[in-house]
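Next up: the structures, one after another.
Both of the next two complexes hold chain A, though its partner changes from chain B to chain C.
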Partner chain A sequence: MVTKVGTKGKTVAAPRKPWRKPWGAIALFIGPVMIAYAIFTVYPLLASIYYSFHKIQPIGPGKILYTFVGLENFKALLNDYRFTDFAVPNTLIWGAFGPVIEMITATTLALIVYFKVPFHRFYRTAWFLPQLVSGVIIGLVFRWIFNVDWGLLNVTLRAVGLDSLALNWLGRTDTPLWVVIFVHYWATFGYSFILLLAGLTTIPEELIEAAYIDGATRLQAIRRVLLPLLRPTFVTVLILSFMGKMRAFNVVWVLTGGGPIHRSETVATYVQKRAFNWTSLDLGYPSAMAVVWFGVVMISVGLITRWLRGQAEY
Partner chain B sequence: MAVAQRTTRTKKNTLAKWRRRLVSVLVTIVLLALTLVVIVPFVWMLVISVRSTGEILNNPYGLPNPIRWQNYTKLFFDPEYRFYRYFFNSIFVSGFALLLNGVIATMGGYGFGRSRYDFKFRGLLLAALLGALMLPPQILYIPQFVMMSNYGLIGTRWALVLLYAVGALPVSVYLMATYFSQLPSELEDAARIDGCNDFGMFWRVMLPLARPAMATVILLNFMHFWNELLLAITMNPNPEMRTLPAQIFHFVGEHGVDYALAGASLVSAAAPVIVLYLFLSERFIEGLTAGAIKG
Partner chain C sequence: MSKKFRVLVVGLVILTMLLSACATPTAEVVEKVVTQVVKETVIVEGTPQIVEKEVTKLVEVVVTPTPEPAAPQEGPIIITWWSHWANEPAKRTVVEKIKADYMTEHPDVIINLSWWDKNPLREALRATMTAGEGAPDIASDWCRLEEVEAGWCLDLTDALPWENFIPGTELDNNFEALGIPGRWKLNLGASVNMLFYNPDIFEELGIEVPDDFQFTQAEFLDVVKKCSEAGYAGSAASIGNRPYPGVWVVQYPLFNLVGPEQFDLYNSGQQSWDTPEARAALEYSAALRDAGYHPDTFATMTIDEFHVYFHTQRQACFLTIPSWYAGRAFKAVEEGGQDPNWHFGMLRYPLMDGSAAPDTIWVGYESGYHVTSATKYPDVAKDILRFAAQPKYGALWTAVTNIPSAIKYDPETDWPSDELLAELGYPAGVWDWYWVEFNKVYGGLPTGQAPSPLCGDFNDAVISALNEGLPQGLITVDEAVEMLDANLCK
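And now, the complex of A and B:
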């Protein structure tokens, strides 16, 4: 509002110039983001899809040969025992068990800490520590902890007389995958826990107090009030956890490298091997693998979302 | 917290009270045990870093005697290991990536956050940007490797600087945009009256106000850049320009089985982020939970 001259001191709205959108400024501010994003994220995504239909071989310094092969790579995937018999089942087992265990434990812990047990602040700080540290560090430390001869775990087991349990955790065929799942869980549960705790704290306290006034016990308050209201956060965290397990690389790679003989191979480690650690260099095949797996994960996420969100909206 | 329930003192209530105490104690024991499992690997890593490999293999539990601080000086400065170099590479890469990401993301957040810059497809563009969070690294890093190879950036630190900076854009832009969208618009009007153009408004008025959000973004991104492994090992097949995680990964392979030194390398790489966290835990958590929580 502007006082226009000559209106006897009354305040009137000055006629405004038609406001033109500041396109220059818009371009200046969001231009760099979108351009950088297009070059380094969108283009590689499209390139991966392009690669998956080709055979890509370096044939000399700086020269790469692209040969169109249509669906060959995808057909080869179905016939590749390392993919169909190890990488995929392992990753799927992980994607099925991991998030379930993580969500149950993280939610329980979040609820416990939410009710402010003694030392709750200490727990919150401590349980987040594994998230701060590189996967390489976690993988190495646990590789040593699980060492069959002098690792912390087996030495402890032998010290208390449980020699029979002091297995060759990383060397047998049946245990490495579970060691991987455990170590990765150790590394990531803190994140889920923190997210769920944050979700709990956004629930207005009056609702819980109202439940108490109505005579609910703590357990009933949890079941009838907190958990339902936590649901959106829960679903988000579940999906994040699921996606994380389906694409996890760092810890697995350092802990077992996918071994022994593929027993802890995941799709992520196998892509790495085919792309950069294989005798015959071809970037098309691992690209096809990555594209297929991305599709699988996205479809799974869609299904999970639909299943969980479709239930009882009140 | 919860409204206290008043009860009269009866035998049943006293029993219930003792049961509650027992449960509380049990819960505390379980939680402390769990915390132990979380903390022990860190402590062990610290302890073995100041022992000798022979001692570790003999008795992994033993306490350092003597405390071999020289493991660290050896790791960092001995010509065979020269860890100071990788520390420097990590700082270099993280620093420039933070700078690049900071500039682009702050401007982007401003452009996406202020209502005066809204246009028909802005929401769509932002959604497309955030969609990148669904992309696993596997579907990006092979072409990224080829790109960097074509630019001649494999084996340099700049490959990582670029990829880290852009990789962190979705989260950073989202955080900044959310923050900027909550600032009152009177500030821009005031700046406009004072004769500022758009960039002036940004530079002189909004940016200084954005410091808290920028601090969160920087902290969060620093952690991710410092710890990143996949791209680090892909872009640096040769040791010279490797960052800490990449070199640590190759360390045990290249230097046989000197576990004490390896332990020291782990501690050195873990220390910066942990120290920052112990001072700034609230900021960390705030940054990491923003956006994932409805409400």
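And now, the complex of A and C:
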């Protein structure tokens, strides 16, 4: 308590100054990040929305003609079979199955490491390693693995007498999508695993011990104590996984290019093709595609969040 | 969804719509309403053919302004030159020699030449030209239709000595049929679409090459079957990382069947594929596929790998390939090149029943060079390309790369000396057998060329239907025709 001498010599309690946030320090620390965020995230988003309502025609170095076309680009999307029949359904399938497989795997592996099984330190590193490898490298390596003649997968299948399963994985219409889903899952499950493991380690050990004291088995402790307390982290990781699947690009691009015949096409790869490989410099149409997909993803994230809403208290 | 979030999203959309509807950044655009004769495509009733008709219509023409000349800098003139072929040392050698010779003759000019792979080069060009900063003066793999329409290329009609080039060069990168006059590209290399065979496999299987180097379509199919039964692939070409090798098995028969003028229309997306000729070519490609023409690894083998598959692993009877084969194969074996002592053979295209062009060879052009409209020194940049168009560099191109040149030359007077070739690291004589075979099989034959697809939708349909679908049996001929016709260029 601050005191000061009053005018009549009496000591009185000085009024407490209202606490003010140190805006200077806040700006100093957060400012650069926010500026970068505004430049590399917010601005491109707003620019894409703007472009989506225009036809864009370069007319010289550094000169671009923007012609407002209203909803024409969006209407054209409805008649684009590559978008409606391949890119969207493929990506939605991926968005539905991919996170499920990944979350089941990541949760299981996180629990394994959490309970400190033998060699748990090795597993923690090994299972995170794929996350450190570039998606391009992963795509190239798996293209060799899935080679129909000498790829590791088919050679192994033939060696164990499963010749009938040694398929042309990247040259059919029914398998390429599942191949890219699997490869992308392999490349990214380590991220979900490490986040879930971090979430598990924040749960007080006393709660687990109390459950054991009360006679719970390990499985019951996982089901009744750990998983409910892990829920907030689980929801966050699930949403991140879902968003990652909905915009997956580099593995698909290298592994199949979206083919054959668009059977592994995703919205991201199709946007790339329309923007840069379509004998046109107009970015309006691919921007419309990107804007629509942004809306789909945001709505989906909202629905997932609402569905899984739940609070853990301990 | 929380209220705040909803408000934020709605606010963003409204803000963007307001920005869109308000002033847009414009450049100087002159819009004129002129009466112009334009070509309209119509479907002739009763036939599947698309026919062009000339009609008189009032059209609004947006005139692209001429690029403004920039202020020249003081001191030596610095020219920036971006080139493809980063991993093709022979081509690099020729272009570096051109650069060095020009700089020797023009001490006031400094040329900064940098080497790229094709796709990163195109992406960098597009980014810099869009931004209006950082673009080079000279670039390769540029000036396609969309870039010319964007005003990103300078017209070279009056800049190059066109009489120095082989006939037909002026048709490459030529959009006059679309109402866009001008020539935009310096071609150093010409490209001949060839058919190689493995003589060792032929000898093993008792296959004899016809005296005129040309199998009939039935004979060619039989040869493929023999190869397949012996465990070899018919052809090594595969589509692992390229959107076109699978199309060759359709294009070669179609070219032979209809000739270059009609093939031009099919290939560029201006002609329906629902014709007896197109169907015949498609059916033949399907028959070849069923006979084992494509390797098992067709879907995944890359362009570098299928070169090695043919010349080193020797697992295929044939290889359909343009003459840029030499750029990848005529280098050190440890770098993926072939053994110079292994002499493969060449054949003419299978003779289709009812062929309209039995002997004609399909030619095209390599990547070439353009002057971008961002250059501060258009005259100097054009002069560099004019300098490169001399006959001695055409001869040097062929001598070093073993690829035909688009520039005419006299072998007696323009051919580089053995000393120069040795100095450049490409001693004479190593690949002479290749030219003996080339002249024996293709020498003196008529040639024809055909442009690429003129629109993105058709190009994608060709990739899907003819590069990926039909060669792998994923679609039928009817489905291929339907896919192509649904995406014709309008």
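One rule holds for everything that comes next: the second predicted complex is superposed on the first by the 263 of 314 C-alpha atoms of A that agree within 3 Å, B and C clash if a C-alpha of one lies under 4 Å from a C-alpha of the other, contacts with A are read in each partner's own complex, and residues count from 1 in each chain.
The rule is simple: contacts are C-beta pairs under 8 Å (C-beta built on N, C-alpha and C of every residue); 3 or more make two chains touch, one makes a residue touch a chain.
On a predicted model such as this, the values are computed, not experimentally measured, just so you know.
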Clash or fit (per the criteria above) of chain B with chain C on chain A: clash
Which of chain B and chain C A:Leu195 touches, first, second, both or neither: first
Which of chain B and chain C A:Pro260 touches, first, second, both or neither: second
First, second, both or neither for A:Val136, with chain B first and chain C second: first
Partner chain in contact with A:Ile64 - chain B first, chain C second, else both or neither: both
Partner chain(s) touched by A:Arg82 [first = chain B, second = chain C, both, neither]: second
Touching partner for A:Lys116 - first (chain B), second (chain C), both, neither: first
Partner chain in contact with A:Leu226 - chain B first, chain C second, else both or neither: neither
First (chain B), second (chain C), both or neither touched by A:Val180: neither
Between chain B and chain C, more extensive residue contact with chain A: B
First, second, both or neither for A:Leu170, with chain B first and chain C second: second
Clash with chain C, by chain B stretch, listed 147-155, 183-191 or 201-209: 147-155
Shared chain A surface residues [contacts with chain B and with chain C]: 64, 144, 149-151, 276, 298
Of all residues in chain A, those that touch chain B in their complex: 21-22, 24-26, 28-30, 32-34, 36-37, 39-41, 43-45, 47-48, 51, 64, 109, 112, 115-119, 122-123, 125-138, 140-142, 144-145, 149-152, 155, 186, 190-191, 194-195, 198-199, 202, 205, 208-209, 212-213, 218, 221, 232-233, 236-237, 240, 243, 246-247, 249-250, 253-254, 267-268, 271-272, 275-276, 283, 286-287, 289-291, 293-294, 297-298, 301
Contact set on chain C toward chain A in their complex: 1, 5, 9, 12-13, 15-17, 19-21, 24-27, 29, 62, 64-65, 67, 123, 126, 129-133, 135, 144-147, 149-152, 240, 243, 295-300, 372-374, 453-457, 459-460, 463-465, 468-469, 472, 474-475
Chain B residues within the chain A interface of the complex: 1-3, 5, 24, 27-28, 31-32, 34-35, 37-42, 44-45, 56-61, 103-105, 107-108, 110-112, 116-117, 119, 122, 125, 129, 132, 134-147, 162-163, 165-167, 169, 173, 198-199, 202, 223, 226-230, 234, 244-245, 248-249, 252, 259, 262, 266, 269-270, 273-274, 277-278, 281, 284-285, 288-289, 292-295
Chain A to chain C touching residues, read off their complex: 46, 49-50, 53-54, 57-68, 82, 143-144, 146-151, 168, 170-173, 257, 259-262, 273-274, 276-281, 298-299, 302, 306
